[in-house]
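Structure, as structure tokens:
Each chain gets a letter, A, B, C, D and E, in the order it is written, and its residues are counted from 1.
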Amino acid sequence: MQEVTTKKKEFTPNIVAFCCNWCSYAGADLAGSSRLSYPANVKIIRVPCSCRVNPTFVLKAFQQGADGVILCGCHPGDCHYVTGNYYTRRRMALLFNFLNYMGIEKERTRVEWVSAAEGQRFSAVMNDFVKTITELGENKRLTDLRVKEGE
Amino acid sequence: MLKIAKERLNELYAKINETMGLFMPIKKAGEVNYHVWGEGKEVSLETLKTVKSPKNMFFPQTENMMKFKTEGKNIEIVDVREKLAAAAEDKPFVMFGVKACDYKAIEVLDKVFLAEPVDTYYQIRRNAATIVTLACSKPEESCFCSVFGIDATAPQGDVTTWLDENYLYWQANTEKGENLTKLVETLFEKGGEAEVETQKANTQAILEKLPFANLDLSRFKPENLNELFDDTRWEEMSEACLGCGTCTFVCPTCQCFDIRDFKTNEGVIRYRCWDSCMYSDFTLMAHGNSHTTQMQRFRQRFMHKLVYYPSQNDGLYSCVGCGRCVNKCPQRLNIVKVIKTLGGNKND
Amino acid sequence: MKDVELKMLERAKQLLESGEVARVIGWKKGEFYFDPAPASFETVEELGDFVYNGFCGANLSKYLIQASKKEGKTAIFLKPCDSYSFNQLVKEHRIVRENIHVIAIECQGKLDIEKIKAQGISAVTEVEEEGESVTVSSLYGETKLNKAEILLGKCASCKGKTHQVKDEEIILHEMPAPINNRFDEVAKLEAMTEDERFAFWREQLQKCIRCNACRNVCPACSCVKCVFDNPASGIEAKANDDKFEEQLFHIIRAFHVAGRCTDCGECSRVCPQNIPLHLLNRKFIKDIDGLYGEFQAGETDNGKTPLTSYTESDVEPNNALGGEAK
Amino acid sequence: MQRIGVFICWCGSNIAATVDVKKVAETIKSEPGVVYSENYQYMCSENGQQLIKQAIKEHNLTGIVVGSCSPRMHEATFRKTAEAAGLNPYMVEIANIREHCSWIHKDMDEATEKAIVLVRTAIAKVKLNAPLQAGESPVVKRALVIGGGIAGIQAALDIADAGFEVDIVEKNATIGGRMAQLDKTFPTLDCSACILTPKMVDCAQHEKIDILSYSEVEEVKGFVGNFNVKIRRKARYVDETKCTGCKICMEKCPSKKGLNTFNMGLNNRPAIHIPFAQAIPNVAVIDPEQCIKLKTGKCGICQKFCGAGAIDYEQKDTFVEREYGAIVVATGFKPIALDNFNEYGYAENKDVITSLELERLMNAAGPTDGVLLRPSDGKHPKVITFIQCVGSRDTSGCGKPYCSKICCMYTAKHAMLIREKYPDTEVHVFYIDVRTPGKNYDEFYRRAVEQYGVDYIKGMVGKVYNENGKLMVQGSNLIDNEQITIESDLVVLATAIEPEPSIRKVATLLTASIDTNNFLTESHAKLRPVESPTAGVYLAGVCQGPKDIPETVSQASACAAKVIGLLAKDKLKTNPCVAVPDEMMCNGCSQCANVCAYGAITYVDKEFRLGGGKTEIRRVASVNPAVCQGCGACTVTCPSGTMDLKGFSSKQIMSEVEAICKK
Amino acid sequence: MIEENLIPKIGVITDVRRDTPDVKTFRVVGTDGKKLFKHMPGQCAMVSVPGVGECMFSITSSPTNEEYMEFSIKKCGCVTEVIHSLEVGQQITVRGPYGKNFRVEEDFKGQDLLFIAGGIGLAPLRSVINYVRHYRSNYGKVVIVYGARSKDDLVDIEEIQNEWMNEPNTEVYLTIDRPQEGWDGHVGFVPAYVKELGLNPNMTAVLCGPPIMIKFTLAGLLEIGFDKSRVFTTLELRMKCGIGKCGRCNVGDKFVCKDGPVFRMTELDELPDEY
């Protein structure tokens, strides 16, 4: 048991964050200019709107070895493109639910709404997500396991 | 001839498994396929048609061929075959319970993969395998191996076995078979010739009654290639075809494959996997496709089995009459319908 | 059922003879009673092979994507569940409705030859249907079976016997009431732990041979070019020993048909490894019903699909777990 | 051949203090495709930009990555730099190594490593960038204003004053809208007509303004800068060019029993009529439902008496098609129907009226010539009870969930005017909250209470019923916590307002989005409040949300400013990062159009070559790049991957993912 | 050591030449700086960029070149697009040689030879032509007819003009489809041009180019009196393995990768029309 805990501490997860250009990416910028730190293993991909994020991007990230994927967009109702994040909300609600149905840990995926003014929140969200994933451990279920039975 | 009581089969499996890998029809998640034997596994020797045929053991659905590591502009190739060969040498394996049709299918595949230039991936696995066949005693309506001259009651292989209510009868045919026999001899007793003969006769009687026993192959000859190719009925035979790969993937002789690259976060893996001539992109090139319609793809498959392959291999058909496609085609199309439409029935 | 078949045949003849339609899509006789294949009949002579029996489980609607582009009208026989797929395809502009003559036909639930064989009956040569009982003859003897035991999976959880569309109908007998348990299996999985679910799906999906039968039979998967066949998509793939690859295929396929899948059950019917693929699609249907209100794809005039609409008060993804709005 | 240049900025010490910029630049040199990698103190400085320009030219770079501050800061700068050096501006990617790296990490090694990954990710993306050209589309220098109320009038006047042609399309026979029906306006109590009619006249006389009254928009095609609009000119049976507005026809018309809609149906008007004295255009219109000639073919009196020969019973609806660069929607509002509010007895009691009806009763041009007489018996009401929030802030589903915003103020206005004119009248007001923010608004309300002694009762009215000819208003007084009943002569309901119902059609025609309350959605609630998400469509007045006259006028002027800004351009530059369909793969299923908030996607039937000389006609999506805003919603909805987004293509994003995950 | 039929060798790009707007020629050597393997004219090799895919290309350089091999590659799909983006110094993988070669040592020897190419179809012929030039005395007269859409689409024009045209007993005829500024040569399609040239039907002919060109040129040659059994062409179909096992490049019972790509016209006559 002791060994497991130490091992988990060494593990630094790889996190892919998709951020919409208008709110969350700006929120991340604000977190930066406010010097609100979060772990370096969070890497942000800028998309015009959270509705640009195709489930395949999320799955691709897991396939390539990401341990957690988080999507950030404008708060519902504040979408720069009026309705984009409403679609995101439905798509991701269904997708994440489905992944969990297939046995993927529900904590591995997350959607958070972060406005351009919420630098503090962006940092808090990322810290929390990294903490969750670190506790959860490596992504084994959705990673690329090219293992064969017997041979 | 040797025999072993049915109740003691597990001992036999365990004994083989001590020094060799053992693959046999095992039920997992509701379906019977060749899996590694282990204590407590649900062995199903009687299953005539595993969903995936034994070809999977030599020509797996997917196998990694090599890895590429790229650093800047440079490439390093990691050949995975040495590992594969070492593993095969270290632990040769037994394929247990292979039916006559499936064994014949392995011969069909050998002609492709072991012909020069040899496919080394296949060869490594093939050499490591000792094949123990099992005679059929309860053929199904979809079986028609006899049409291709296969005797389901006396399959070939390194070892041939028969199974009745009480015993498994064992007869080694090759050196590999003898070696295996030596390994397990102590478990066996002598005898069984008479029982085997009775079973053979009974099965023969059923085989003759099977609905497809009289398919006529006489028209499927290389000299009829163009005539068969141009037959107008392909259109109607293929109209319900979905273009899926079920028939090709359950087929024990279909050997088409694709070679692809897969990017992982640690480098590129080049793998090969089964491919199907039924797929719309099978022959797709950047500047065209020689098979644009499903009819052409459908025709390719059956022409290959019944004409092209025999033409390249001294008349040997690359269909063994296992009937898997008869059972598994989602829309109920199959080679029997093709043979009947183009060739006819001997009794007609 | 024989009377229904005769009536259908008669109608098909009339339609072809009168020139009202150029072809009729139905089923034609196979080698056995239990293997009829979908077929298009263009002349009265071809109708000699026409058949309609308990093994005509195939959903014919997808064939219309091509047929409705052909010269002349096409008549098609649709069972109640097939009519949902037809409607959905019309809604998505894949079928030209005016070119199709829909004949709604009776369905008493379709049978599964594999289930018959699973009863230990080998070498089946004949099957006779009579009401609720089915007599199976084989080279090794004769067996009487109860129809309910050998229904196709999709028919055992039939969602309804109401045709969503028709130009005429051939319904001679009352059809059995729908069995409303179709989400039970999903609920059972939901009740498991994550680990159990993962184990379940891994074992099931490990069987996948990636033959694409599920995709190619699916009326919702009728893309001109599937992303999995398209190198430009970035997810084109064929590998399947990579465990995730299988899941990727099935996850994305389920997502792409979410909100459009009518739950026709063809994916599970055609799977050579009998993977319960419908449970993937049904999860989406169940979640959509639970989170956004009941929605049945392919129903007449049911508005925008759930994934192309929204409400301002939709549930948050992080709280949506379990598929019910909290 | 890809020739990528990488430029790592120190940003003084902002980046360099935590990221080993030299190491980053050095490591990146060996990346495939990278032919140049450099670091510099301030890349955004004149010298830094010079360095980039020089490198682009000298090394023949096909794409550049700048590792610097946020792209939201300097992406535009570096794009210009690239363009100046002859490189397509869209071949530039920014790796954000300041806000997303150096500023949030303390450990140098960790930050450097992350910076390398971020730069690699940007390289992975830029390798798949394609040169993009911002498109151009010409601008038609004419605006359309839909709705001729105060919002439409103000917007039209402002636009026309800037020198652009404007058409006002008004569905009624006259412009003026709701404001024309009002008596006085708060908080100044000046006469509504006195301030509105001059503006109406200005419109009529303005050489740049064309008023299409009694007309409706039928069809809208095109997009920002190039709308093509079909307008239905309804038959008014009077030749607009001949009618002099002499009103003889009105006197002579034998069918006088039509409800006077301008007076909220409180009196009657003839079949042929001019809605009110100051109507613009001052031209009669015949109500075909009421006109004996049009219904039976007999009569024709008005034609006989018309000196100008303007009457034309044969007139038909006609259509005009015009091109516009911009469209202002100012369709206004109406009070809600009170069918759901039986408790106030509106339907049964003539003396229960709406506030707008009260406006007419108090107006000098109204049915009572401005004398406050109650409708039932024409007597002066002695006790008047006002009920606030009738249908507003109602979450029960009977009314509207929103606050109608203007009721508190106009009720105070009414109470005050009544007390002023008829000091013997007792005025009670039932309210839930009094909401009077705004310049001089609260002062106005306090005057009603303090100076005019209006009795404000905090509480809800449960029921209004008639007892022996008296209206009994039963309600609760929440302050004193008691049930009270007020015997009243007249009850005035501050009825909620809702968008004019025709807005639905207009919204559909314009593909402008509409919220659950039928208000048009603005592009951004805070920052783009007068623009519709549909480019080139602007919103003025209550069609966008409840508001009073001053707000409406400001919004209308704001709209005008936006329109003028648009029309002042000869060409529009379009955002090149737009959705683009691959027709070869398109199913034509319409899913993408369903999620497009801008109506940028249409479908066309196209012929495709199949193999073997055959062809097939398929319905395929087509994106109008001038309308698409580039959100990408369609790309995910599309199951076949037909839709992609330029600048953020699926392949680009996936290669970014790969670069981030690479070990 | 296990035989390496499917395992490629690593090649290094040492030169990239842009021939036409969409054709580039890549010079490749092994990591040791030497030629990767020996081949005969007409044979192909699988070139790949790991992670993108493999493609079969004919080896453009002559076997007589001992230093390197060259591939002329037209940009037309995913793989070729990536290959086109590569620069000198980049490593790629190559395996081969595959297929049957032109029978330069048997059928061609001592014969007058006619080479007809269209567009990128010159790539496989360049290898034979240069082979023949190398062993010039073994062969008779050489006639080369080469056409392309425009003068900018003529592959390897420098070599043609500077070397082939100066070769003894060799005639070179160039043509482009449509008139173009700066072009004073022949204008017109290859099949028509071939008929105009008044060729001696006793030559052994090799055709390579788009199917439509081959079809009409062949018809033209037969009209003039060429012997079909002495006309050769090369086929191109989807190939994956290169060793006749993956099952996709067959025409009837022949595999293009193993039994082709060089076919005698009379051989093709016997095969189903599916290429």
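Worth pointing out:
We adopt the following convention: a residue touches a chain if its C-beta (ideal position, glycine included) is under 8 Å from a C-beta of that chain, and two chains touch if they have at least 3 such contacts.
Here the structure is a predicted model, which is why all the values come from computation and not from measurement.
Looking at chain A and chain D, the chains that touch each of them are B, C. Between B-C and C-D, more C-beta contact pairs join the chains of B-C. The most distant chain from chain E is D, comparing centres defined as mean Cα coordinates. Chain A and chain C have Cα centroids lying 36 Å from one another.
Each chain gets a centre from the mean of its Cα atoms; for chain B and chain D, those two points are 68 Å apart.
Between the Cα centres of chain B and chain E there is a gap of 39 Å.
For this pair, chain A with chain E, the centres built from the Cα atoms lie 51 Å apart.
Residue positions of chain E with contacts to 2 or more other chains are 53, 78, 90.
Chain B has residues 60, 63, 70, 73, 258, 260, 263, 265, 275, 289 in contact with two or more other chains. Residue positions 32, 595, 637, 650, 654, 658, 661-663 of chain D each touch two or more of the other chains. Here chain B touches chain C in the complex through residues 28-31, 33, 48, 51-52, 60-63, 138-141, 206, 209-212, 239-240, 242-246, 248-250, 258, 260, 262, 271, 273-276, 279-281, 326-328, 330-333, 336-337, 340, going by the rule given at the top.
Chain C makes touch with chain A in their complex at residues 186, 189-190, 194-202, 206, 227, 233-235, 239, 241-245, 247-248, 251-252, 254-255, 258, 280, 283-284, 287-288, 291-292, 306-308, 310-312, 314-318, 320-323.
The residues of chain B lying in touch with chain E in their complex are 65-66, 68, 70, 73-77, 79, 81-82, 85, 112-113, 115, 117-121, 124, 222, 225-226, 229-230, 255-261, 263, 268, 270, 275, 277, 282-287, 289-291, 296, 300, 303-304, 307-309, 311-312. By the touch rule above, chain C contacts chain D in their complex via residues 69, 92-94, 222-227, 230, 232-235, 256-257, 260, 304-305, 307-309, 312. The touching residues of chain A, when paired with chain B in their complex, are 64-65, 144, 146, 148-151.
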